[in-house]
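Okay, so chain A shows up in both of these, paired with chain B first and chain C after.
The block that comes next holds the complex of A and B.
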């Protein structure tokens, strides 16, 4: 009797609106995408100015560097580790990039173009090196990642202020501003031509890197190994995956993406400053709201990217809704909480 | 293996073994590092090893210390609380807001601030035990939320000009010792006794080692977790109050970054970030070591920024030394 009722109710469920809704809301990515669209439509209907081209570009470009850094954080968290030094690292690498571009003591054969190229590439290499050092300490010296990166947070922050003297860097050479380039400026897209023409470089980096990383994590052996190590370390070991090598890879790539994010951040404005807002928390928040389980083993970079855009949309929306900017963080915090609870509820339903 | 062990017991009397265990413990390794640091620093400058300077350092480390104590409890259970700095900020703002904007008597405003702190911690705990939100995520969200509330309520206004008696806690001394230091020492003694000598304290280790096993052996896991997160909120609120009393003003950015300072003290003190082990004594030594390094290096002419490089390195190195020693002890 019980089984019959169950079958009937199951069959009924398959076609009911609630079941369709549930399958659409089946992943954190679609929830975020839906929330993002609803938010943009709602704020746009309250204030038309919000949908102005310039503002929409800001909505998508503003947190692009966060989304790029979140790519690395996603990998690190999926392996069951964490990196809380990324904020310090990013500011350090931004300053490094700026310093290379304005340095005047190069020998005469070094052209400005070469200087700029160095300023774009060297931070990425240094980022990879720092990632390798952190990865080495975590894997081979067996110290928990949270302790190592807590230490590195202080070390990098201190080194940064010593080296830069707490100064700001201005007067970067012409052509340095990578993040201000608009790649589609001369192209007329069939839809929203004005929007695509104003779209700046960070958005392209964000989207292309996210797609590449998503494919890599889904289809390459190393990408799959990230999930394996985070999901069940013992099973991963037994199937011949080297945990050390996988975790090292995650940390090195994390350094690379923080480097790219730093270059985007440095070239965004005409001034580079030693400001240390807790960027690491924004990056971790984007990653976690994007559906990456802090316990390791699950999550995607697409979710992290959507979450980064979502967080920035909220910040921008408040201005257009006439809400005091001092409430931004409270509202962001509440939304993070709601997203996380919704995610937990969904997983609970799926496992039940 | 067994034969080897028995032969060793026969040769070495029990007390030397006990002594060896004490010497090898995380706390004594750390104490050793601290003593060396103090010795080196005191040869570099006369101003370091003076009663006056050391007491002043005690004053400065009190706020982080008050937070690091319950943080030890939380980390022992395998949890973490990132929202402590934001709770301190929120409580500080509520103190100023309650007194200046709502016109409450200052005594009542203080009670309000402490109550809000406890409530904020209770909310953390409630979500963690009821909805099984991982503590890192929950407190990451409330780190933003509570700080946001503080910023929203304050609207960038600061409150100053408190009555004279209000500064007694943060700026005055009794018998030559800064007032807030009494609170830290008493709180440390009480939390240490609770952690090492009571059923409640021991249950925290059990939860950290194996939560499921702890639940099956009848430990009220949920209730105990709720208690420690509430305590953490309350102590953060209290630390916020102490800070306002010390610096004479209320601002919404108060206490930012405290979570990392407190966690650094706890971890430096040998508490495993994975839970299951650790002690209040260790946390206190970690706290003192960080403060002495900061101060000693500053006095020997090292700039404040180089100091944090040293502290970061000490954190990693001491954890490394400890893990090497513990591994040798366990014969791994």
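The block that comes next holds the complex of A and C.
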């Protein structure tokens, strides 16, 4: 009897308007989407130029490579690990990609098309290899991921500067610019058409990859295992899931996505530089603000993608609101704290 | 009769979707042991959290010494003399006994530094007042036994001049001799006028030391009665709202051929030379004290901590098991001892928790078949009568008994031939307990071989076809159902060396009979 009434009251509870609102606000993805729309509308009403197609293109596409790298970061963090070497790895792989494309000493049978294909594919493979090495050290040698990747951060940064001599790469062959953001006509338009016109190559890659990864993480045994290992490693192991294999998978895929992001980054502009901004921090910020719990076990790549766009929107909005761009980092930091607090609050309520 | 130290009146507390407490009363007088009883999910934990300042009630009043008070935090409650000892002891393992006792209120020298000498001597004083004179206060707490850590917690409460001491299942994890000591400490505290709130699933303890008992059911207040006017049957029927005439409905099963055999299984330091057989349709009970190697041997068989020597045979053929995955492929399932840390993934819903062992089987072309997965969850809910609103319910929000059923469900999903259950009914309510026993019985009837590790003598005696006894990592005795008695199992568990007859008897006195 008790269980029947309980079931009924639980049902009723679940579909009341207030509980729907609560569940909307309870998911980081919907909060971010709402915040993103509100931000665009608000900044647009303050300064109409913000809604110009050219700007919208940059708002959506500008952080696409961050969003793609965040796919891997999401997996790594969900398993309860972290990778702080992704920024160095990405710049290294970008330079590798550029270097392959401009290298002139190939034998004569190597066509430019093949060179370009190599420049697109090889960084992804190298990324996977680096991920495999990190994963191996973390799992089989039992060294915490933050220490291992701190080491890799320095190693890669150092090697990069030695090998490149700090030079930049230019003069990539035609056809190399896979992820070029081609600004469309510079006209101010209402928001929706502008949105569709922003479907440039980077956005296309970002959306397709995010959807694929989201489906894979949600509906595949391995995807599920990522959450299980991050949620309770011992219970997962006692359920027959191999933690080592799962964590290795996460790091390898992380390397793959950093590789793809690197190629996107390299082919976006006509110059590839050894500037070393703390990209890893932006990627981790996007992941965490996207709702991936830093303690592991929860979060989605959709959230991370929305957060990547959101972060870029803030940066661009500051320009249009005439606020110093130096606020960007401070705002990002605040977002991280707010998100982590919200996560803790949710966990607290769940365990109550 | 003395006026109560602490009164809780008309306490109501709700969480999203659940009324945890509905107009509940509770009070505690100086020098009494007031037992708080109820099934898991009845609201005991919530009530003590209200009393200790962890939760603020939605409505109702807390009265101390006749004055209404509000607790904004556990600190407020402590300041009013209310101390709580939780099941998981909250001590700092890396700090010494004295530091733990005076954590947060260490005596100071005039310069404001910690006065170590005073702290140590006061710690010794407090311990001595509890007749504890065998503890080195400079030792790290992490190196102490659970029983000793519990005594440190009690000393800590006294160092803060606690007038009410709330104990949540204090005997769940300690040995019988520790239980005896705990009871004598409780006696001392009573004499000093400390009021003790005592929560336990072991009814005999309530009769041993309780003065009054309050029963909660489904978040509601049922009654408060003097213990000497109660019987176990009455208490159980108050707790579950129905009378249970047979707690252990063991059904007869056809015992078939040997499914699992282990020979000379050894894992260094925890299990030595263990050999036994397990047949179809048989429930083999494994008795032994905590730390005697029972769980360890189960984890060796399951590949969680592989064997260093010896062999495992499934259907008469020797197999190599080094990971749980391999054990599962041979049809072995293991229901772990601690459902919270080893069984459930709290962030996941019921559906994902039940399907986790069979994801590959539910998948096609790398994707999980959602329909089949949901079906599995529904049938698990139905088969095990889990009280949940559906497959999407997060398991962290279920009560203990229902959580345990989810863990059972995820193993039944693998259709195992050998089921190893480790303390299958620890810390769950009487009703759920009976259901799990009935289920095990039915599974055995269907031909499953079950190895049941348990610390509860009635469970061992009531459920097992055969009983194996472990002591200090070795298999020391085996009894048939007919031969087995509390006395001979108890003797085998305790061994002859170093233990006199008295401690064996106290071991047996501690055995609970709930039927």
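General remarks:
In this section, the second predicted complex is superposed on the first by the 296 of 352 C-alpha atoms of A that agree within 3 Å, B and C clash if a C-alpha of one lies under 4 Å from a C-alpha of the other, contacts with A are read in each partner's own complex, and residues count from 1 in each chain.
Just so it is clear, contacts are C-beta pairs under 8 Å (C-beta built on N, C-alpha and C of every residue); 3 or more make two chains touch, one makes a residue touch a chain.
This structure is a prediction, so every number in the text was calculated from the model and none was measured.
Once the two complexes are laid over each other on the shared chain, residue contacts for A:344 go to chain B alone; chain C is not touched.
Contacts of A:108 after superposition on the shared chain: neither chain B nor chain C is touched.
More residues of chain A lie in touch with B than with the remaining chain of the pair chain B and chain C.
In the superposition on chain A, contact of A:333 is made with chain B only, not with chain C. By the touch criterion defined above, A:225 reaches chain C but does not reach chain B. In the superposition on chain A, A:240 contacts chain C only, with no contact to chain B. In the superposition on chain A, contact is made by A:284 with chain B only, not with chain C. In the superposition on chain A, contact is made by A:297 with chain C only, not with chain B.
Of the residues of chain A, not a single one touches chain B in one of the two structures and chain C in the other. Taken in their complex, chain A has these residues touching chain C: 2-3, 6-7, 10-11, 13-14, 22, 215-216, 219-222, 224-225, 227-228, 231-232, 234-242, 297-298, 349-352.
Residue ranges on chain C touching chain A, taken from their complex, read 15-17, 55, 218, 302, 304, 323-325, 327-328, 334, 336, 341-348, 352, 356-357, 359-360, 363, 366-368, 370, 385, 387, 389-390, 394, 396-397, 410.
Chain B meets chain A in the complex at residues 127, 131-134, 136-138, 140-149, 151-152, 154-156, 252, 256-257, 260, 263-264, 267, 273-274, 303, 305-313, 315-316, 319-320, 323. Against chain B, in their complex, chain A makes its touches with residues 82, 84, 137, 141-144, 146-148, 150-162, 166, 278, 281, 284-285, 288, 294-295, 324, 326-334, 336-337, 340-341, 344.
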